[in-house]
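Shared between the two complexes below is chain A, which pairs with chain B and chain C, respectively.
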Partner chain A sequence: MGANIYKNKKQLVFFLLPAFLFMIVYLYYPFFMNIINSFEKIGRLGTAPKGWNDPWYLNYVNMVTDKNMHTAMINTLIMMAVTIVGQVGIAIVLAILVDNIGRGARFFRTVYFFPIVISATALGLLFNLIFLYNKGMINQLMERLGATELMDWKAKGIALVTMMIPVMWQYVGFYFVILVTGLNNISEDLYEVASIDGATRWQRVRYITIPLLRNVMCTCAVLAVTGALKVFDLPWVMFPKGMPQGSTFLTGTYMYYHTIEAMNVDYGSAIAVVIVVLGIVTSKVVNAIFKEADY
Partner chain B sequence: MRKKMVSVLLCTAMTASMLGAGALMVHAESVELNVVTTFAGEDSNSKNYQEGLAGWQEATGNTVNDNSATSDETFKTTVVSDFEMDAEPDVLFFFTGADANSFVEAGKVVSIEDIRAEYPDYAANIDDAKIPTSMVDGKAYAVPTNGYWEAMFVNKTVLEDCGVAMPDENYTWDQFMADCAVIKEKGYAPVAAALGNIPHYWWEYSIFNNQTDLAAHPTVPEADAADAWVNGMEDVKAMYEAGCFPENTLSATDDETFQLFTQDKAAFLLDGSWKVGGIVGACQSDPEDPSTLDTEALDRFDVTFVPSKNDVRKASDLIGGFSMGYYITAKAWEDPEKKDAAVDFVNYMTSDDMILKFAQHSASPLKEAPEADTSVMNSLQIKAIDFGAKVTSYTPAVQDNFQGECRVPTFDGMPNIVTGEVSAADAVAEGFAIYAESAE
Partner chain C sequence: MKKKKKIPPGTVLIYGVLTMWAVTTIYPIVWVVLNSFKAKDKIIVDSFSLPLGDLFTTANYKMAFDRLGIFTAYRNSLIISCSVAAAVILMAGMASFGLVRYQFKLRGTLMSLVVAGMMFPVFSTIIPVYQMQSRMGITASNSLFLNLLCVILPQIAGNLSFAIVVLTGYIKSLPIELEEAAYMEGSNAFQTFFKVVVPLTKPSFATVAIFSFLWSYNDLFTQMFFLRNKKYWAITRLMQMLTSKEGTNYGLMASTVSLVVIPVILVYIFLQKYIIKGMTAGAVKG
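== the complex of A and B ==
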């Protein structure tokens, strides 16, 4: 009976078809239309195009000289680096530390994972209050410590750091849980043998844990980098319209800004195309760099 | 047998006709209107609107599928998209400026004139001179419930601490800048405004202050006749350089700078008549419960005139008027089941009683507006009514006609103008170029 199912491919096609149609209607067709929209003149979202741009690739030419687009691209690249170092890096350290403590490991797993279950919008509002200029949590603390002037944590020079701290903090727990699961798959026998051979705790981490965790770390790195391209909600809540002066735009927030706020849908569509291309290229590069090893 | 057959047939016919009539009655009684308004969230009239909805539904037996939402760019985009996709509501409370152009051009709303041809009493209590007309064809489509004005709110605690007198109807730009210098010297922010988020009010008044003809203000000028616009942007830059705005004006949201104002850290706030509700809310321990109002705290706030810069505009000449109203869509108008209900709904929501509730301290569009009942008002509303009595003229805002991407260089680009990264002339020219292109 089972063999018949595999021989008759028609049934498989029947079950694959709904998901395939769903993807066509809700992903590939809109994406194809988005490419066409990027060549047209479209003002507000939902309004009909007013013909083709002249030249039709105008938006892509404008993007080359658009300062905000440059800022958005650079910020997104910084965000990728920050996610690898800040999210995956911190998660590795935390995972190894928690794996090495005997009691309380479950408690720390819950504590570190908790930010994941809070919506990014709520976190954005929370960090807005923490970094608030007028009597925000940090400025109040600084006042208690003797600061005489309020610090604007969202000012142009420091805004990017203020934005990236909560984004980093939010996802550490996600990678932490993946890495802890990877650590649990490493046989205790290896550590026991190493101990008998006189390996110190650091040597066990360096020569057993990290090499055996490599594939999991690579998966985390790929997820982190591709995830960095999609970060939107928290930065938008904390820094709407790329405030101040467009210095906090990411490619995602810049696309949204043009589509909804600036009512320039065709330019927003062109940015969306660039984001997709950037995503494909980045994931290829990251996959090549963090290629999983066979043991 | 034959009699039995006849009686069975008769009974069947009667039952069928009763069911049919019943279905018709149920149908006639249960008209469901899809309504979209901006009376939601923190809008000071959202409670009045909900009461109105409940009252109309109870009186008529009809039901309303209400999809009201806070008025922002996302809301406007949703409304326009719905019209594009033939998913528009039956009745819409919306702006009458450039935001409405696309669906007016497409003939998707019915003019008041056409409605009155069949329903002569439609909006009969409203003063026609106060009904805003469309930019597309000059016809009136939307029935207003209340007007608005934009003026300067004052924190008297800050002013008194700085020894600055309450501005009056003769307030000049030079006096204002001198007052700002005194207030700043004392350690306060003179003006609560988030230039990187909501520069709209200063944008509007700075242009208004440089006009040589007030009547021309609501019209977007030709690109080569935009001196008032360029000079206006320069004035905002001068204010920024003089330290009139809070230190974080480029990175703050409007809510944050409003908080500076209500917490006695800023002296002036330029905003609309709807902000009265916001200030009152800030003086309540529970913003939803009027009984928790700290009346002494509210007494420390007032509203006054906006400084004038030349002899053309007096400080008491304000931006204001009627810019929103109830539309009936062609979709509802052409639906025989919904036509009557839609007309009745708008008549109910714009009846004298309802408008009295909605207009409160702002202008009333009624032909014969009765005296406002101040016994049910708070101190700031009463001050607003007294202030309104001294206003010499209301001029519609030009930004209502300057919508879309053309705003970006001078609205979102305001921080770049005030910091000198872009010149006011270049930013204005860029906005005009986009406006001209979109008008083609």
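== the complex of A and C ==
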């Protein structure tokens, strides 16, 4: 870039300082402080640490035997699987279908994307009404279809499913849009050549679309697993405090539970550290699985 | 575009599947809006009929306005989200301009700091941020301004990285000749930035502003930490309370959800191009 008109370093500092000061004070400093916090004794939020834990890694040892932490980890891993298979999977199917139609593509894009702009809190309330025991939308519908007993969607066995359906549903449109953009980048000529050679619609999808979409799918999968780690609002509204009996805790909601409800801030910090590590590890794994081949 | 032939049976099937998913995204919202006009005991027995005749009531909305104080919460939400959006585009815009146009040693390092900043989940920063703001003396105060500020500051930080990543992309694609022309006419760097660069990248600034606004408007987690007093609650915090305190008042829940969702949908319909671009732009870059 021939930017020899911009040489004044004082001006440069003026441009950069506000944003970077903010990021250092509000992102980098807290991030490292959080790691330190996880080794300290801190009670309620806002109180000063009362020295170091003994041993300093005590919280991490406790996690190994913490049943709720196990549940939260397992649920989060399930959530990741659900987001990859459910969100990205459904999004791929919908994107490929939309790519095969002429009219209405824009309409579907608008409609599929819009749950994302709505706050997860509002959706939590909405799905509370939908899954209400006595009697929300689903149970009323089932009654009309002839069910004699009401289904308790928040009971222990099924609560996790009830929680994951709305989370999954909300973000399908997000991956749909990314994938459709990827599909539009595939040259139309390839399909035409394939048609001339007698490829069926399915063969075109299988041997052209999916291989060429692989990198986009990889991006989506990484976003899906890191997104699954960030889920908080909707589960907390539908199933506060991991109810029933801590069976719906995710790492995020469990971290909040310890920080605010259980007033055990250092343990909350330690869970936050685990969330970061989990995010790094899983996105590396996903990258390795999906990106092995280079086209 | 594809060649047009006679409608094959596969196409009918494709439209069928696509429409089915569209129904799952539209119908729940329509359902809750319709039910917000019904009494709470009707919602749980007769939720599929239209709210006509005897079924129709606006009592749920009266309750939301009078008892719940939804307007105050709206106002607080708007103050928070507008401040976040404005601060983000100003700071991120300036930083992006500096990063793109100036040549300096630390540029690569700073850029990777920005990208890495996108990876921090809010969980990993919120506790120290609380401690820090509590030492600054701005948490749990009796001032509306300070309470909202407690939410605004961390939310700005949460959006900056993303905004810089998107905006550097756009500013890079601007031809530098225009800025050189401005320089020749005696404009200094600040004038060039505000009078040449900002107007030229308006759509991308709009995209970033909308994204930051929506993200902030929809975020519950930060509000749960900092807005403890009912007087200062913003809209998502108010809704969260509904589930615990008014768990059986289904009518009030339906009307509140409608009141929160309908403005967003209206805005979405008009600005969807920018919104969809904004929410996926950072993602595609990874």
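In the analysis below, the second predicted complex is superposed on the first by the 271 of 295 C-alpha atoms of A that agree within 3 Å, B and C clash if a C-alpha of one lies under 4 Å from a C-alpha of the other, contacts with A are read in each partner's own complex, and residues count from 1 in each chain.
The rule we apply is simple: a contact is a pair of C-beta atoms (placed from the backbone, for glycine too) under 8 Å apart; a residue touches a chain by one contact, two chains touch by 3 or more.
A quick note: this is a predicted structure, and the numbers were derived from the prediction, not measured.
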item	value
Chain C versus chain B, contacts on chain A by residue	C
First (chain B), second (chain C), both or neither touched by A:260	both
Which superposed partner A:223 touches (first chain B, second chain C, both, neither)	second
Touched partner set for A:45, first chain B, second chain C, both or neither	both
Which of chain B and chain C A:243 touches, first, second, both or neither	first
Touched partner set for A:26, first chain B, second chain C, both or neither	second
Touching partner for A:88 - first (chain B), second (chain C), both, neither	neither
Contacts of A:11 with chain B and chain C, given as first, second, both or neither	second
Chain B versus chain C as contact partner of A:272, first or second or both or neither	second
Chain B versus chain C as contact partner of A:72, first or second or both or neither	neither
Footprint overlap on chain A, comparing chain B with chain C	45-46, 132, 134, 240, 260
Touching residues on chain A, where the partner in the complex is chain B	43-48, 50, 132-134, 150, 152, 154-156, 159, 240-241, 243-245, 260-264
Residue numbers on chain C that touch chain A, as the complex places them	1-2, 4, 10-11, 14-15, 17-18, 21-22, 24-26, 28-29, 31-32, 35, 43-45, 47-48, 90-92, 94-95, 97-104, 110, 113-114, 117, 119-132, 134, 139-140, 153-154, 156-158, 160-161, 164, 176, 179-180, 183, 188-190, 193, 214, 217-221, 224-225, 235-236, 239-240, 242-244, 250, 253-254, 256-257, 260-261, 264-265, 268-269, 272, 275-276, 279-280, 283-284, 286
Chain C-touching residues of chain A, taken from the complex the two chains share	1-3, 5-9, 11-12, 14-16, 18-20, 22-23, 25-31, 33-34, 37, 45-46, 90, 93-94, 97-98, 100-102, 104, 107-122, 124-130, 132, 134-137, 140-141, 169, 172-174, 177-178, 181, 201, 219, 222-223, 226, 229-230, 232-233, 236-238, 240, 251-252, 255-256, 259-260, 265, 268-269, 271-273, 275-276, 279-280
In the complex with chain A, residue positions of chain B that touch it	73-74, 76-78, 80-85, 102, 196-197, 246-248, 250-253, 256, 259-260, 263, 265, 403-405, 408, 412, 415-416, 419, 421, 438, 440
